[in-house]
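Note that the chains take the letters A, B, C, D and E in the order they are written out, and that residue 1 is the start of every chain.
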Amino acid sequence: MKYENLPWLILFLPLLSVAVITLFTLRSKTVSSLISIGAVVTGFVMTLLFINANGFQFSGETSANWLSIGGLQIDFGLKLDALSMMMLLVVTGVGGAIHIYSFGYMHDDESMARFFAFLSLFTFSMLGIVLANNFLMMFIFWELVGVSSYLLIGFWFEKPSAGDAAKKAFVTNRLGDFGFLFGILMVWGLLGSLSFSALQTTLAANPALLGASATLAGLLIFCGAMGKSAQFPLHVWLPDAMEGPTPVSALIHAATMVAAGVYMLCRTLFLFNSESLHLISYIGGFTALLAALMAVQQNDIKRIIAYSTLSQLGYMVMTVGLNGPTPAMFHLTTHAFFKALLFLSAGSVIVGMHHEQDIWQMGNLRKKMPITFLTFTIGTLALCGVPPFSGFYSKDAILTQALAQKSYLLFGVGVFVAALTTFYTFRLFFIVFFGKEKSKAASHAHESPLVMTLPLIALAVFSFAGGFIGITNNYGSQFVNHHEALSMAQQFTEPFNNLFPMACGLGAVAVGLFLAYSLYNNAAADPLPTKLGGLATLMKNKFYFDEFYEATFIRAHDFLAAVADWLDRWILEGAIIGAIRGGTDLSGRALRLAQTGNLQTYAFLFVLGVALLLYFVLGK
Amino acid sequence: MHVSLHHYLFVSFMLFSLGLLGVIMRRNLLVIYMSLELMLNAANLALVSFSRFNNKLDGQVLVFFIITVAAAEVAVGLALIVALFRKRQSAHVEDLTSMKL
Amino acid sequence: MNSSLIMLEISVIGLGLVLMLADLFVPAERRRFIGYAAIVALGVLLITSLSGNGSCGQFGTAFGGMFINDGLSLLFKQLFIIAAILVLFMAAEFSDKLAAGSVAEYYSLTLFALAGMLFAASSNDFTMLFVSIELITITFYVLVSFQRSKIQSLEAGVKYLILGALSSAFMVFGIALIWGTTGELNFTKLAAVAPQFADSQMFLLGVLLVLVGLGFKIAAFPFQIWAPDVYQGAPTPTTAFLGIGSKAAGFVLLLRVLFTAVPSVTAHWANLLIVISAITILYGNLCAIPQRNLKRLLGYSSIAHAGYLLLGVAALSASGQSALMYYLAGYVFTVMAAFFVITLVMRHLPSEDISGLAGLHQRSPLLAATLTIAMVSLAGIPPLAGFFGKFLLLKALIDTAHLTHNHGYYCLAFTALIGVVISLYYYFGVIREIYWGKNPEDLSPIEISSPAKLSLAICLAGIFWIGLFPDTVLNITNLAATALGK
Amino acid sequence: MSILTYIAGWPLLAALALVVVPRNYRVIIRAIAVLATLISAVLAVKMFAQFVPGANGFQFEQQIPWVESLGISYHVGVDGLNVGLILMGAIVAFAAALCSWEIQTREKEFYILLLLMTGGILGAFASLDLFFFYFLHELALVPTFIMIGVWGRGEKKNYATFQITLYLSIGALIALIGLIALYLQSGANTFDIPKIIEHAKTNPLSLNAQNFIFPLLLFGFGILVSLWPFHSWAPLGYGVAPSPTAMLHAGVLKKFGLYGLIRIALPLLPQATQSWAHVIAWLCVGNILYVGWVAMRQKDLNLLIGNSSVAHMGFIFLGIASLNLIGVTGAVLIMVAHGFLAALTFALSGYIYKQTGTLQISELGGLCRKLPFIGTALLMAAMAGCGLPGFANFVGEATVFFGSWKAFPTVTVIALWGALVIGGIYMTRAIRNILHGPLPEKWNSLVDASNVWRKLPYALLIVSLLVFGFIPKLLTEKINPDAQKIVALATGNLVSATAPGASPLNFVAQNK
Amino acid sequence: MEAINNLISGGVVQDIMFYVFAALTLLCAILVVANPFSRSPVTSAMFLVLTIISMSGLFLLLHAFFLAAVQILVYAGAVMVLFLFVIMLLDLKEEQRRKIKFFGLAAGLVSVSIVAGIFIKSLASIKLTAEPALEGETYVLGKLLFTQYTLPFEIISILLLVAMVGVILLSKKKLE
């Protein structure tokens, strides 16, 4: 492995940037942002250098001992293989674009330096997840990603909704992390190691080692992914997370962090047995469906994209569950491109609209914001899976995988969700960019500056071409024993090898598009609620998950807290300690009643004392 | 029955108990004080009878000391009671309760 | 007969007589100096005794074994002299509150009481026990009621008189019974014959009655009832001397009786001692909780401390006795410090209510600090004298528990612990009043004379010294404890 | 003279020096206090750096006989278990001295007490003599009471002062009885801990004695450490305590009980420890879960962090209860980490209280705007408090989880829930309500920590947390060998004791 | 002297005299403590004198002649005169008859009877040894007092001094 130290640099540069910004340059917006951008862009360049030197098809580790206590050996180690290389590229590449974009987007915010510090912190954490070579390292960065997400969602902390959303995201993630660490402990307890490669070797040598706990351990580990990748039932935080600045949504809640769950599943796939994978795939599928349905009735431009992210993540998880890490990672990568693109374009729209996010206040923006319109269109097409955009290829790979695994139900779900995706994306598309301006802001919208549009264009290029530039090739034999690299032409025509899934996918797109066009072209208000009635209300209210959790999980904890507090306050503090105190005090007051001051009483008590003394010693 | 040590001791004990009774039942300081003298006398009686029956003289020496001490005690005590009476115009124990609890 | 052994006692008595005579020749306004002269003389006696040249340093017996000088008596005599010196200092400060013109008598009576205590420390015979205790008690009748202008003083005197006489009567009767059954008055000789009488009801009755008398002296339950009233009513220097001298005299006699005279009986009374000690601790501490009069509070606290000291007796071991003496040594300085501050602060106040301490830290930081340290030491907190003493007592107790497997000792240890915790409440209440008491009425600074400062310094030095450098004192007390067993 | 004597001695000496400084020389008083603690801290860092991990026996030892007849001596020394604690204590003391600017009445007395407390704590941790161990702890404990009583705040001051005084005194005294019993039962006739342990290797304490002494130590020390259900003094006391006091007590002094359990109870009372381990483990649940819930409910910031600090104690107990190398090491790690953390949180709450005059969470809000530095620090503290990696607490907690997993899986899972979920809930709620949201009008005049001196204590504590969070090896490599010895004594003795006469502790011998 | 000696050493007479004196002593003592006819301290004092005198009779029976004399001289003479003097001086009224508190009375009686009961019970443990043999010769007593018991004797003298000083201090009319 050449340039062995390079990954360390890539990892720690953003951390350095955090340190420098918080310690020295907090006062200067420009310097801070340049440092942060510099760190991630340098990281990207270094990643390219490293890949250039080593290629994709290798596997190596570099590590230093971090903690060593008896049987607990934890390395701070980096695992370098195709999987992490690809993710490294995505994180630094897409991340870099978003960093640059943020420079324009956040330009008027007085806390921009803080923003970039957080952003760098996030990049550091995300790189850590990607590079981690053992479970605990991954958990550490897992948590750090969670907290940087918390910080970024709550960036505009004065907005109560932002604060609430941050809190919700954090706690929900924590629920997932609970399962994750639980699972890690279980695996460690059974296998005695935390390192991925060691675990893989051990398990390969003796698959029965996990024993009866295998399914449980798998599902617990999956809990981590459930939290980070916002899978049902822990999906509720992601839409709320849109309270953060739009670049954050793009970076964290579309391209990278939410993908961490999928990445982690791929990284630790060897641990999962078929039962747990089965369940995982159904959870993924259900999430995809649920989120798509919810997206249909949202009116906030970012929330729609957020639900779409949820839905796409569901796809990926489903695919992993269907034992298809390669298609999952493929979709993850393309999704990173086009979803970041969509978010950033939406951000551009939002800036153009002076921070108006309600799509029913927009309209006809294609004229005012041509570049944004163009990039948004590319993103939309990619998301929907229109050939030859990247999404088409990755989605097709997923559907093919589902079919190959003979999971017809999930295949059906996939197709249906594809249709839904097209429907709600184009709903958004038509309402925002076509029709009439629905508000004053819309008529005064303007195109964003170059520093924002340039990253858009770059992402647009990848969103378009991501499907056939060899992403799957790069995974090589990471997950399968034999893999032949395909030429670009082969990649281009790959879907035609399995016509049925492709046809289904395309059909779904057509149906969705048709419905969206017929309903929303030139629409001034949403016609769907009247048509669907109660279902639309359900969708709009996200199937009342928030309310449900509020009523169960939160209430239960608050109730228990109230009970504990009551016990503490009234029983422990009040009754028991109070009784002891009061009893002592009272007995003091009672006893001294003997001190009447009357000599006769004293003499009597004296004699009584003598009598008692004599009686007890001699009276027997 | 021949009079023996037991008889004397019995008298002494009864005398002591009577003194004790007086101390706790009477309210006049002087009478209480007299009762205390009874108790001391009971001790004297016991000592003298032991002396006789043990054939040792030390008891009588002790009695001598006790009588002297009792006299001294009485002197001081009575002076004290007089002083108190001058202040309080009372020699009753119920009136001596300025300090309590 | 080696009468040179009692040179110390003779000197003290002589000093008392001289002081009484001096009163005739010294003008009224300079009588304070009589006290200082007495202090100097006592100081000389103390130094000679400490340097080993005094008569009390010569070990041996005299007067047919009635009088004994040994490690135990030496230690106690030194404590008594120190206490007396401090009391004399205190009396000098307090003199304007005593009946004017009779200050010199106060000094000499104090010295006679001291002589009684010195004799008590050397008593090895029931006659000596009786006589010395009576000397102490009768002197205290006068000392307690010395403030004739104050009704409380007289009232306290009468209460002490009646109850004291009552306890004397019991004690005398007890001595009569002991002598009657065994025919021995000498402790050492008694020890030899006592085992034969271990079953004799009358002998045991006698011992118990003697214990009643001594229990009264040390204010142990159930004979503690007088303490609060007398502490409250007596002039403060008397209270201090009563709380230390008289109590210590009671303890030294208790030790002699229990461990020299009738060890064979004592060994069977572990449970009795445990119960008495436990109840004494609880009674003193519990009653003190709602108490607002500072002297009365210390009265209750002295009951509690009698209980702690009894732990050392109850332990029935040399280490227990040694711990008792160690504790007592610390207690001397601590209580003296407390009463000294009370004397200085409260001599002009109508009552000794705790609220009178409010603002003390502004009026005199030295007094505030001294009283605080005294309270903290009484509460048993390091690095002060009270802590190491309690530590030793507990250690002795648990040691005995460990050796005898008597679970009562563990219960006693826990009772002591509860007592300590309760006591924290009221001791800290005093400290709280000093430092953040509300509405101080008087904020004028308190003048402290240099002799008073000197004596405060002695007290503080003692408290810290005993707390921080236990080795010296501990060696002495260990030595004293071995004297008992002989 | 051992460096340890200097570390503990400087503050005591400075306290003495302050007695003679006139009270109106405020700057000088403050400077002396800060300087003395700074010297201690620097010396502690030096000592920490010079410490040789895994060396045989204790380092920087010094022994001066004190009461020879009882075998009491002034004996200090460090091994891996206390080296971190002393470092932490010295740094926290320095930070507390710096934070004491908030005290503006009777500074002189306050600083004297603070220095006394500091010296006492550091001495107690360094002490290898049972008596001094206890003695110095008490020496530090009493100033705590006085400081809370005199400089405390709020209406419940008096009640809380008495509560904490009585509670902790009971705890200390129970432990004292236990320690005395231990001294007597050990038969070594010395208070010297290493000697007692050495003696116990050949003459282990009888099972009866162990079963008698262990509960005394457990509950005595447990009360001092706010073990559930003896915890209610802690939030109450910290709620009213002036922040330097709370910092030192919650951060440092409280660890005494835990340290005592590890240093004394584990190696000397192995069988009792083993039979009580599950009790400890389940009591932890009370700390972690129950007190966590109580914390969720608090409306006052200090009560919240007080409760959270109680909850953290649960993890340490869990580590101890697991009785294996990982768990015990983790427990020591948390002890150090929590020291910094508790000091940090109480320092911050003290700052906020000084600025706003209230700690009612409902009255605060949006403070991050006016107090960016303090806000950020509080955020970091909260995050460290809910076990975020990067801070030392995470390392400790994770280690404890790994350690206890094999011994008590159920409890571990409950603890996980407490650490990750409940901790997360109340910490983020607090952040949301204090730092986030709109800033109420009335707080427009707040001032952030502006100059270096004001920022230094917080920065110092955060940096310490981060350093040990990033490089836990600094601590673990020191703790490990000695924790190994303790664990070997606590578990390896089993064979020898059940079969009397068998040679004990082959384990240790082999390990050397 | 010889006659008396013979009389009292004679067995039966001696016994009868014992019973007479003992009865007198106890009866008078009862009247000191609880005289049903008078509550006046004077009555109590007078009966106390009688008690003491009858006790000295018992002393005589026990061959303690010197003490019998001292008893009468010091007690009946000096001490009781002091008492009467004080009573007269203070002009004490009769102790008012108050409503007797039955509980108090009962409790007092019970505790005193416990004490008395245990006293009497302990009588059983006295073993009768030799016949009474001691002759209370004053000479021997005096010798003993001034040899073996010198020290207590001297201490007693201090005690008397203290008592004197005390009495003077306490009864000085003027408080200056």
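One rule holds in what follows: a residue touches a chain if its C-beta (ideal position, glycine included) is under 8 Å from a C-beta of that chain, and two chains touch if they have at least 3 such contacts.
The structure presented is a predicted model; accordingly, all values stated were derived computationally and were not measured.
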item	value
Touching subunit B and also subunit C, the following chains	A, E
Farthest chain (mean CA position) relative to subunit D	E
Chain occupying the middle, per Cα centroid	D
Which of A-D and B-E has more C-beta pairs touching across its chains	B-E
Most distant chain from subunit B by Cα centroid	A
Computed distance of Cα centres, subunit E from subunit A, in Å	102
Centroid spacing, where centroids are CA-atom means, of subunit D and subunit E in whole angstrom	71
Centre-to-centre distance between subunit B and subunit A (centres being mean Cα positions), rounded to whole Å	96
Distance from the mean Cα position of subunit C to that of subunit A, given in whole angstrom	76
Multi-partner residues of subunit C (at least 2 other chains)	127, 130-131, 134, 138, 141-142, 145, 148, 158-159, 162, 166, 170, 177, 201, 204-205, 228-229
Contacts with two or more other chains, residues of subunit B listed in rising order	9, 16, 19-20, 23-24, 27, 29, 32-33, 49, 54, 56, 58, 61, 65, 69, 72-73, 76, 80-81, 83, 96, 98-100
Interface hub residues of subunit E, defined as touching at least two other chains	108, 111-112, 115, 118-119, 121-123, 126, 149, 152, 156, 159, 162-163, 166, 170
Pairs of chains, among all present, that meet the touch criterion	A-B, A-C, A-D, A-E, B-C, B-E, C-D, C-E
Residue ranges of subunit B in contact with subunit E within the complex	1-11, 13-22, 24-28, 30-31, 33-35, 37-38, 41, 44-45, 48-49, 51-58, 60-61, 63-65, 67-76, 78-83, 85, 91-92
Subunit E partner contacts - residues on subunit C that touch it in the complex	6, 13, 20, 62-64, 66-67, 99-102, 105, 108-109, 112, 115-116, 119, 127-128, 130-132, 134-135, 138-139, 141-142, 145-146, 148-149, 177, 181, 199-205
Residues of subunit B defined as touching subunit A within the complex	20, 23-24, 27, 29, 32, 93-94, 96-101
List of subunit C residues in touch with subunit A within their complex	158-159, 162-163, 166-167, 170, 201, 204-205, 208-209, 211-212, 216, 221-223, 225-226, 228-229, 269, 272, 283, 285-291, 300, 422
Complex interface listing, subunit B residues touching subunit C	9, 16, 19, 23, 29, 32-33, 36, 39-40, 42-43, 46-47, 49-50, 54, 56, 58-59, 61-62, 65-66, 69, 72-73, 76-77, 80-81, 83-84, 87-88, 96, 98-100
